[in-house]
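The structure under discussion appears below in the form of structure tokens.
Chain naming follows the written order as A, B, C and D, and within any one chain the residues start at number 1.
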Amino acid sequence: MWTDILLLMRTEMMLILIIFLLLFWKLGGGGRVQIVQAVVNGGLVLALLLGFVLSDSGELFGHMFRTNDLLRLEKNMLVLAALLVSLLASQWVAAHRHAMEFYLLMISTLLGMCFMLSSANLLMFYLGLELASIPLAAMVNFDLQRKQSAEAAFKMIVSSAFASGILLFGISWLYGTTGTVDFDSLATALTGSPLQVLGVVAVLAGFGFKMSAVPFHLWTADVYEGAPVPVTAYLSVLSKSAILFVFVSVLYTVFGSMQQVWYIVICVLAIGSMLVGNLFAMRQQNMKRFLAFSSIAQVGFILVGVCGVNATSSAAVVFFLLVYLFSNLGAFAIVQHISQSTGKETIDDYRGLARANPALAWLLAIALFSLAGIPPTAGFFGKFFLLLAGAGKGTWFLIIVAALNMIVSLYYYLRVVKAMFMETQASRTGGLCGRYFHHGFVWRCLRVYFQPHASVEALLLILLFHAVWLSIKIILLKN
Amino acid sequence: MNYAQFAAFILLLPLLSFVVLGIWGRRYLSKLAPWFGTASMAAVCALSLYAAFRYFFVDGSVGGVFQPIIAMQVPWLEFGYKNLSIDLGLLLDPISVMMLVVISVVSLMVHLFSMGYMKGEDRVPTYYAFLSLFSFSMLGLVLSVNLFQIYIFWELVGASSFLLIGFFFTKPSAVAASKKAFIVTRFADLFFLIGILIMGIQAGSFDFGVLLQQLTNPASEASVAMASAGFLGLSALTWALVLIFIGGAGKSAMLPLHIWLPDAMEGPTPVSALIHAATMVVAGVYLVARLFPVFQLDALAMQVVTWVGASSALFAAVIACTQTDIKRVLAYSTMSQIGYMMFSLGVGGQGETAALGYTASMFHLFTHAFFKSLLFLGAGAVIHFVHSNDMRDMGGLRRLMPLTHISFLIGCLAIAGVPPFAGFFSKEEILLAAWQSNKLVYYLALFTAALTAFYMFRLYFMIFWQADKQYHHHSEGTLSMKLPLLLLALLSISAGFVPFSQFVSADGRATATHMHWQFSIAPVVLVILGIGLAAWLYRQQNDKPAKLAASLGSFYKGAYRKFYFDELYLFVTHRILFKMIGKPAAWADKQLVDGAVNASGDATLAAAQAIKGWQSGKVQQYLLVFLLAVLLLAAVLLFFWLV
Amino acid sequence: MVPVSHMLFFSTALFFIGVYGLLTRRNMIALLMSIELMLNSVNINFVVFNKYLWPGQLDGVFFSIFIIAIAAAEAAVAIAIVINLYRSHLSVDVDDAAELKY
Amino acid sequence: MNLNLFLLIPGLTAVAVLLLRQQSQVRMLALAGSVVQLVLAIWVTAQFLALPQATTPGAMAFVSEYSWYPSLGIVHTTGVDGVSLSMILLTAVVVLAGVLVSWKVTDRFQSFFFLLMLLSMGAYGFFIAQNLFVMFFFLELAVIPKFLLIGLWGSGKREYSATKLVLMLMGASALVFVGLAGLYYGQSDASAGFNMQALAASPLPLASQLFFFPFAFIGFGVFTALFPFHTWVPDGHSSAPTAASMFLAGISMKLGGYGALRVATFLMPEAAAYYSPWIVLLAAIAILYGSFATMMQTDLKYINAYSSVSHTGFVLFGIGMLTKTSLQGAVLQMVSHGLMTALFFAVIGMLYERTHTRQVEKMGGLLKAVPFISTVFVIAGLTSLGLPGFSGFVSEMMVFVGSWERSGIFYRVATVAAAASIVVTAVYILRAVGSVIMGPVQHEAYLQFEDATWTEKLAAVVLIAAILFIGLAPFVMNGWIEPGVQSVFQQVSAAGGR
């Protein structure tokens, strides 16, 4: 039993270990922030390594918790993303009074996501979900002095609580009509009665909220803009990925028998997310807000893939999220870097970046191209597989809308590229990170990889790696 | 390798000369270029004469019939449909060999003449390169074995003509003229091309041999296909021939595609002598002659050829009577003479006189080349001397330029058709051919002949007689300028005595020369009357011409303004092509097509702007939207979708 | 015994009362209270379903216990946030926290 | 012989360029890379001609397969036939010339040559691909570098042009994607995946073809300036730096034509036959309308850009006519137009560098000042108006003859209309030639210009040599193209029989 728990839950155990370590350390008075960071990052690296060593699957706690290769992979992705966020946040956190708490909250949410992923039961799922959301609200508020941060946190916690209410309401109907909250039993017990339809719609709305699909997305942009950049990165990548992983498996397995109900809902959400996300993103000036809307549009594309309802779909979603993780974190890393060193966050501030600091500009451009789905970045493959998977069902209208939306999204990604490369700054903000990258870029990247404060370069290195698409063949996993 | 294959060198030498002079001429051969060009042309000339000798006197004729010899034929581009291909080859038959002689001799003369004429000009090597290119193209044109090959060289002569007309490229009028020449002939070539397409696709081949053989056999597949297909009530054959003829008419400056020719006189005068008098402009005649057996099959096409030719002859002659630019007069006379050749071919269509018209036309082509290039070179010498093209600036030159005067006079007598000069013989044959088949054409031609004599001698008297003007120059020109004049004058006298019909006839058989002295009386009398009138009016400076012009009133004015063809073309190109088509097209592209693209972008941006209120910043509104969305989805699913 | 439909009517009414409060009240604390109402209505649902329809197991009851616990945690964090917000905005009116928009 | 060398060499060059610091090193390296590409292309062609595939319709040479995403039918399959080889040669020549005319790029030269190499890699990848996914990948790969090249080194309203270009092209590839997905899911042979040969062997049912063909064809058509989706061409070309214009018009527009032939027509032959009149109609409009619009332009680059609309109209026209000759003509026209337009843009660039204007009326008499460049200009012009001896003539005649083979009043009228453009072409080309290099010298300063540098000369000579090669010996290239086109034609005629 214990060996099972240790083995199957090793990622979670590792996270719990970090949390306890930090808690006791905090009680003991805490230490230098660099050491804390080293411990956290080391722990995350360890969790990542542990996650990769063995391949196993199984269940625990009376069919509440399950794990398999796919879930392990997904957790590894999350842990990796958390590690990257931790790296990109390091400079910001180091200057913060409550560094330890930030890591505590972050690892807690990560733990919540892992539980959510592994849940085989609605209760477990709910617990994981809340564990992954409530601390996030606190993280959003982490810039304690900034008005916007507080406003964002408030909006987030209220919306999130409301969404949980709706979700729970739906779950209660499902429970009422079937008498079970276990995924496997639910899958067989669902008959498609009106009450269940109501319940499914409510549950989908709950999911839609977390993944910020239109029309449940309204909180997203405000929260992303108000939150500190690393938290925004965390929100846009980790919470979104985690919920999407669960969403796909729940949708296909638990609600599999009610496909005709949710199929149309997902189509509507997909089209709405792409359209609204794109239209809003076109106008934005603030980079974080811009990336928020772009991430809404990305969800729309993911939902197109989900609409395919086949093995390719789930594989494509996982693959896309992997790519998205790198691309979006890469973009955020640079946004954070620039915000940290100059305090500037709007697109106009990025004018002439290519002159001041070509390497940064190029890397942000690559990240954005990846988000836009341009070869040879991995984003192209992600989008291609998603849309290809989505076409499997033969809903060509959806595919055509998605394809056209690709153009709109390209437009606004290129807006940033244009600002960086083609426009010149009226008044140059002297030497925007100009020191970097002059000599021995690659060597520097390698050297700083283990130095958290220069996280940007580390991230960029990874980004470059990921642009070499050949290394990633996740898509094979399901087939 | 027999002599026919040596004919390949007739093409290769000028090409080589073009390449060498074109690439290295400016840098390394700036002094030698004229010699180089002339030497290669002399070699070509020798080869041509040798080929002519061999063909006509040794082995061209088999059993009294001249056979076409295909010295070389290689597929150049195969279309993969029926037997369609563009072949490059060398075809020697009476007319092509005759043309070889004409072209190479005239070209050599022009090369020689240019050595003096172009002395001191910029870019002499380039000039010789272009001359070589032209010679190459023209020689290739006449040697073509394939309808498409002729089209290829057809275009090449057009291009080299463009380059040569525009040789003085800093002169706006030269630029305009070169463009005009190219575009007008190109316009005609469009019809030529379509004609080729019809001909080729219907008959299944572009090869002259195959075409002639197939189409003249009414039972062959090609003939049936040609006759059966049709459009707007005319058979494919008629369409093809008429269209091809339009192509020829463009190159030969037939009505109404003649407008480029007078303007083309902006080029250096030797060039005009070569291209716009002797060789390129007769390409249209050559083309019809080349397809003569096929043209004979179609009465309608022959009618078109006849009437276009006859009307051009008359029309140009009338205009020529009023012009004062020495080269323009010659240009219109060229057009008029080509009209002769053309209608001569046209009247050769019917009856037993077929052979006569054909032979006459070719004969006239032959003689005309010599005396017309003589006239042009003479005019060139005059222009070189006077530094003006305008006849009114000249006068009394007969003393200052005795040799030019004599040779010019010979040229005028030849073109007027005064016996025993060359033009007389050929024109007599043409008139005879016209008389035998179409009386109306005959009378037109007769009248034109008189006009020709009149305007040529008007030109002659105005230049060489009348009162002296003051000139700066006092040298008639170098030897290289005089020699060609002399040689061409000799040829203008002697060419008429060539027993032409022995060599060139529609069916390849030698025929007896038709000479009816009594028939010649009318034309000769008319010609002498014309000359007399010209002498009366123009030998001395007086006001008779002005009075005459005034008495003719608007007709004179119309003729002087070339019957407003230029204005008509300007109207068509500027008003219709540019203003009515080009401008709207450009406008539509900017406003409608591009506008639609921009509008879609703007609409997207406007939509983005319009919906920004959705994100109001108020969390309670967000939640309301959330709730309504859930309820709406549930309601839709429950009441509309599932039920 | 009260029929299950009554119970469900009650819980649904409670849910929408909570929603109504959430959508209309201006005071942030009142919003949090409204959320509690919603969650409680869900709790009632779970308990009722467990008691009336699926009495064999305790799934529903456990679910509601967890919901209560989590609601408490949520409220704690929310109140902390509201307090922090009050420090910067000097107001707990929800409409005053609407700076982030468009 | 592994065709992936065509990816490797530009790829390595691109990377290596980034590592160098000196402008002289960078450009020499780029030059070396492009020379190697050309040598390789010629060598591969020579090898190819010795193979039996060179004469067998539908056979691909040098086929190699690398598993990429096999579960989705995505295999990195490469192979060439005569048609693709012609395109590869075209690419190699244009790349070389493009590098040579960019000799004086000093601003961010590393990125510039990097992007150039990336573009050429995209083009090669597209032409050697035998798998639709691979093709699509490289099609899109070649788009963004254009955006950056225009936006960074361009002139005029470069941002607008770059954005318009990239959005329209990506929109086009989105349409292509729909077509590809339709092929992928609609095929009867489930194992075919994206393999083009397998897809060709089991075509879609008619209804699907009719639905998906327009997507694929219009998608590729936009790349080839299909009316009315051509408006990216004038703005894009005219704002781009010289080398990018050459690439755009010389190579990128060919991606579309090649795709329309290889993907749309080859894989959906019945639909191609069905839509043939519409294609012909649009292409004829593009040809005529493009040339009339050209007539009104006064900016040299706009002149060439609009004339490209007209000339590439012939490509689509040839494809739309669906006879073997016309298809061959379309392929030849692609090569010919590529070379010709690259030459034209190169020479416009050279003139612009000296006069700092592209307005026709502001130049004049340049033949006196810069005889070499002016001569090249004339040659480009004469090629453009289809003078025999240059490549334009061959391809246009091929298209005309092929089109005339198609009987029916509509097709005949369309052919006559298309042929009429040769006159209009003459008008605008001669207008440009007449007022740019002929006429009175506009400024004294013009006489002080230096004539072409050795790199410029070399670029022009390379392009002219290629143009003359096709123009003087068309049978050579036609011989390679014929079997490749034959396979498409067989497909179409087989569809006619069904």
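Please note the rule applied: a contact is a pair of C-beta atoms (placed from the backbone, for glycine too) under 8 Å apart; a residue touches a chain by one contact, two chains touch by 3 or more.
All values derive from a computational prediction rather than experimental measurement.
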Open item on the list: On the document's contact criterion, could you list the chains that touch chain A and likewise touch chain C?
Closed with: B
- [ ] Please give the intersection of the contact partners of chain B with those of chain C.
- [x] A
Task: Innermost chain, taking as reference the mean of every protein Cα atom displayed - done: D
Task: Between chain A and chain D, centroid-to-centroid distance (C-alpha), Å - done: 42
Open item on the list: Could you work out how far the Cα centre of chain A sits from that of chain B, in whole Å?
Closed with: 76
- [ ] Can you check how far apart chain C and chain D are, centre to centre, with Cα atoms defining each centre and the answer in Å?
- [x] 64
Task: Interchain centroid distance [CA atoms averaged], chain B/chain D, Å - done: 36
Task: Of all residues in chain A, the ones touching two or more other chains - done: 154-155, 158, 162, 221-222, 283, 411
- [ ] Can you tell me which residues of chain D touch two or more of the remaining chains?
- [x] 167
Task: Multi-partner residues of chain C (at least 2 other chains) - done: 19, 22, 97-102
Task: Chains grouped in pairs wherever the two touch, ordered by label - done: A-B, A-C, A-D, B-C, B-D
Open item on the list: Help me check something: in the complex, which residues belonging to chain C touch chain A?
Closed with: 15, 18-19, 22, 28, 31-32, 35, 38-39, 41-42, 45-46, 48-49, 53-54, 57, 59-60, 62-63, 66-67, 70, 73-74, 77-78, 80-82, 84-85, 87-89, 97-102
- [ ] Could you please specify the touching residues of chain B with respect to chain C in the complex?
- [x] 612-613, 615-620, 623-624, 627
TODO: Under the touch definition given earlier, write down the residues of chain B that touch chain D in their complex.
DONE: 26, 75-81, 84, 86, 148, 151-153, 155-156, 159, 162, 166, 169-170, 172, 174-176, 178-179, 182-183, 186-187, 189-190, 193-194, 197-198, 200-201, 231, 573, 577-578, 581-583, 585-586, 588-589, 593-594, 596-597, 601
- [ ] State the interface residues of chain D toward chain B in the complex, per the touch definition above.
- [x] 164, 167-168, 227-228, 230-232, 234-235, 289, 292-293, 295-297, 306, 323-325, 328, 365, 367-368, 371, 382, 385-389, 393-394, 397-398, 400-402, 404-405, 409, 412, 415-416, 419-420, 422-424, 426-427, 430-431, 434-435, 437-441, 474-475, 478, 482
- [ ] Could you please specify the touching residues of chain A with respect to chain D in the complex?
- [x] 312, 358, 369, 374-376, 380, 384-385, 387-388, 391-392, 394, 396, 399-400, 403-404, 406-407, 410-411, 414, 417-418, 421-423, 473, 475-476, 479
